[in-house]
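Each of the next two complexes has chain A plus one other chain: chain B in the first, chain C in the second.
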Partner chain A sequence: MKKLLLGVVLLIALVFAMPLVLSDFGINLATEIYIMAIFAMSLGLIMGYAGMVSLGHAGFFGIGAYTVAVIGQHVANTYLLLLLSVVISGLIALVTGAVFIRTSKFYFLMITLAFGQLLYVLFWQLKPWTGGADGMSVSAILNFGFGEIVSPNGFYYVMGIAFIIFYILLRLFVESPAGKITKGIMENEARMSALGYNVRVYKLLAYTLSGALAGLAGALYAYFNVFVSPDLSGWMFSGQVMVMVIIGGVGTLLGPALGASVFIYLQNFMSTYTERWPMVMGALLVALVLAGKGGLIHWLQHGKSLFVARKRTGEAVSQQPVKKGEAVH
Partner chain B sequence: MSLLRVENISKSFKTLQVLRDVSLEVNPGERHVIIGPNGAGKTTLFHCITNILPIDSGAVYLDGKEISKLPAHHLAHLGMSRTFQKNNLFGDLTVEENIHLALAAKKPYRYDIFSPLISRTDIRKETNDILEQWEISNRRHVKVKHLSYGEQRLLEVLLAMASNPKILLLDEPTSGMSPAETAQTSEMIQKLPRSVALVVVEHDMDVVFAIADRITVLHHGEVILSGSPDEVRNNEVVKEIYFGGGAKKHA
Partner chain C sequence: MSIFLAQLLTGLAYGMLYFMIAVGLTIILGVMNVVNLAHGTLFMLGAYIAFTFINDEVNFWAALLLAVLLTAVLGLVLEKLLIKRIYGKELEQVLLTFGLSFIIADAIEWIWGTEMHTLPVPGLLSGSLSIGSTAFPLYRLFVVFIGCLLALLLWYLETKTRVGAIIRAGVDDRAMVSALGINVGLVFTGVFAFGAALAGLSGVLGGPLIGMYTGMDSEILVTSLIVVVIGGLGSWKGSFIGAIAIGVIETLGKVWFPSLSMLTVFLIMMIVLIIRPQGLFGREVA
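This part shows the complex of A and B:
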């Protein structure tokens, strides 16, 4: 818990310090990064804590985005729209997940891919409501009751705070009994079943939470981007968010967020030099996967543990060995 | 009344019949050992009793209630627990966290998604009790994959015991162990409280005769004898199977 508190304080400091050094373009980029970080964390949750690799996660992102775009034409309340996005994408995750979790590994990958593409085609075909391939602009305006939020800085803080809130909620989940049990199921399903756990309930729970959160990220994105298109549900985008998770580090929460930052930054940075930026991204991904399993976050942790270990051994000469509580994590 | 009753169960994998009309009874607190040469169907029998594999015919009763159609995770709640032949632990978790997972299965808060598991005082206390009872408190923060093989097998039994089962199925608890570890494990099994009945698959005859109240001999998927250790020791057919080279088919 102390660790969580420290992490949150650091994140808050980061969110509030960044505008001091960033240009307008940088603020915009950081805002997008926060949204993508929420999305990447949602996928990271099922990939790293439940062992489910989905190639259709953008489907939920699209559902959330279109909820704000379509229903937002008639409903102005931001809270209601965000709630609707979460509930609709969560419900769809619950219903489809009940079928999907019966498959595993490659079959899960394929069936989620099909799910994402189905939504992609649906948004494309429902032209009267969604504008079809042309997409549609979002008329709903972000307003939490303190006035309309339209400035880049306003968006920046909203998304930054949303990122922190959902990081905390996810952290609580992975430390909770249900979260620990889900992780146990990922490591050893037969054993957890023999211990008396209904493994499907936990898998479905994780999938539903993940889908709901991806929907929320999509809803936030719709407000931010004021334009949605079927591509938000396409397999390319599902693949990109998976790359974010892998670059950052599977099995952690901040890893995918870090991966999202690197991905979005490089995407914007490199695309000013060359149209072929995905090649550079691909090379980076290959290098990362070959050089170190576990992604960027594990390198950071490794560096930290080296530093801490050196400090510890230095202290150990004069002090008692490691105290009881310290060896836990 | 018997605690566990296995009635005429059969199991085939495609054309290979692994179990043929196997029946078995285990009384409360009994130490029931199942022996038989490799391929006799012992582990399959365990998988069928614990519903990891569906049976083709027959039935399994626990406390008079038919359990052969229930999903595997229900059995733990009815008081049946098991270990696996291969180590089947959570390698990246510590000893303590493994025990947490075993204990939480019966807690009402097992579906809680907000408050940290380690903030629960009851689970911390029960974990401490188990660690002290088995004298492994000093290993609590060690990741399971760093434990010795013998320690891992011990933890395996301990996790299965965490739910306070009425009946515990141990699948080859001493397989792959050194003679010293085997002796230790045998001693540990003998120390388990009589409130739990044991069904044990075992190859090591010293262990078998040290713990068994009753022995069932399985051969080619059939029960050829079920009786006291003395009956089994002096049975001609059993001697034939174990020592006679197996050229002659059993009667």
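This part shows the complex of A and C:
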């Protein structure tokens, strides 16, 4: 709990200090990063804490985004729209998840991919409502009751605070009994089942939460980007968010957020220099896999543990002689 | 009625193309436990390579052969250099093959641009066969014929040859096959190259029907993944049945309810999964 508090204070400090050093362009980029960080954390939850690798998570992002875009034409209330996008994407996650989680890992991957692509095609084909391939602009304006938020700085703080709130909520979930049971299932499903836990219920719970949060990220993105298109549900985007999670570090919450910031930053950086950035990105991915050292956050943790270990062994040596076997570890 | 029959043939031809690409995917998955997300780009690459050769006045059949050979070689190189390192690591496979599909798709865009292309139907097959009042385009019949031939070949390989026996055993228990002194690495390389070749073949044969355009790689990948899911992991029979079903249903669906064709395919997948989570011909997997 103390650690969480410290982390949150650091995050708040980060969110409020960044505008001091960032340009207008940087503010916009950081805003996008916060949204993608929420999205990446939602996928990180099922990948890292429930062992479900989904390649269709952008489907939920798209559902949230289109909820704001389509229903926002008739409803102005921001709270209601955000709630609707969470409920709709959560419900769809619940229903599809009930079928998806019955399958094994490779199947899950392929089925979720097909699911995301289905939504992509649906947004494309339901042209009268969604504008088809051209996408549609978002008329709803972000307003939490303190006036309309339209400035880049306004968006920056909203998304930054949203990121912190959902980080806290996710942290509370993974530390809760339900979260720990879910993680136990990931590590040994047969054992948890034998202990009497209803394995499917917990997996479905994680999947539903994850889908709902991805929908919310999509809804926030629709407000921020004022434009939505079918690509938001495409498998490319699903793949990208999975890449964010993996390069950040699977099995942590802040790892995916870190991965999202690195990915978005690199993407922006590279696309200003070369049209061929997908190729550069692909080469980076291949290189990352070949390096085979896990995600960025694991590198950080590894560095930290090396440092701590050295300090500890140093102390141990000074206090008492270490047995040979221990020294090796 | 005659329109329906012609559409049925189109659906069958598409189904055979899906079969050719999905069978590679499903065997690679079943034997090597590798999800190859770059499989769709190999399909696309095959079509573009043939396109270049045909533009250089190479005969369609020679171009087909060259394209299949080149995609097989690429598959071989990829397996030897990269895929080999990540057996048994699911996340790494996803990341690596996703990265590869980025690279290949972007290279294709770089070399051939973003315009839509199609391959010409080879002269020999440009006509159509009239039965009663229905005209069946010869090329589509030819694609169906090739698909059936491939199924026959796979059946023969699987049941009558040593390679087939090794691969069947590999799907069941890889460690045991290796313990029996069989060079599993060689088998894996062969399987991956064979899958790549089939993807290339499907791409070239699909050239005159589907054409080539940006984004087709992901479309074809998703369709073939659905075929694999419906048919069952590692089963070519499942892929055959699944691909024909999807090809026909998708084609007829496009005619009857154009805006929901993908939804019908997806719903079929959902129904199959609810009844048989392991797919039609799949075995229970852990």
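As a convention for this text, the second predicted complex is superposed on the first by the 306 of 329 C-alpha atoms of A that agree within 3 Å, B and C clash if a C-alpha of one lies under 4 Å from a C-alpha of the other, contacts with A are read in each partner's own complex, and residues count from 1 in each chain.
What we mean here is this: contacts are C-beta pairs under 8 Å (C-beta built on N, C-alpha and C of every residue); 3 or more make two chains touch, one makes a residue touch a chain.
Not measured: the values here are computed from a predicted model.
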Partner, of chain C and chain B, that touches more residues belonging to chain A: C
First, second, both or neither for A:Phe173, with chain B first and chain C second: first
Which of chain B and chain C A:Ile181 touches, first, second, both or neither: first
Partner chain(s) touched by A:Leu83 [first = chain B, second = chain C, both, neither]: neither
Which of chain B and chain C A:Leu266 touches, first, second, both or neither: neither
Contacts of A:Leu288 with chain B and chain C, given as first, second, both or neither: second
Which of chain B and chain C A:Ser193 touches, first, second, both or neither: first
Residues of chain A at both interfaces, chain B in one complex, chain C in the other: none
Residue ranges of chain A in contact with chain B within the complex: 1, 172-173, 175-181, 184, 187-188, 190-199, 201, 205, 209, 327-328
Residue ranges of chain C touching chain A (in the complex, touch as defined): 29, 33, 35, 37, 82, 85-86, 90-92, 94-96, 98-103, 105-107, 110, 218-219, 221-222, 225-226, 228-229, 233, 258-260, 262-263, 266, 269-270, 273-274, 277-279, 285-286
Of chain B, residues touching chain A in the complex: 50, 52, 71-77, 81-82, 84, 88-94, 97, 100-102, 104-107, 109-120, 141, 159-160, 163
Chain A - residues contacting chain C, complex: 53, 55, 99-100, 102-107, 109-111, 113-115, 117-118, 121-122, 125-127, 234-236, 239, 242-243, 246, 250, 276, 278-279, 281-286, 288-290, 292
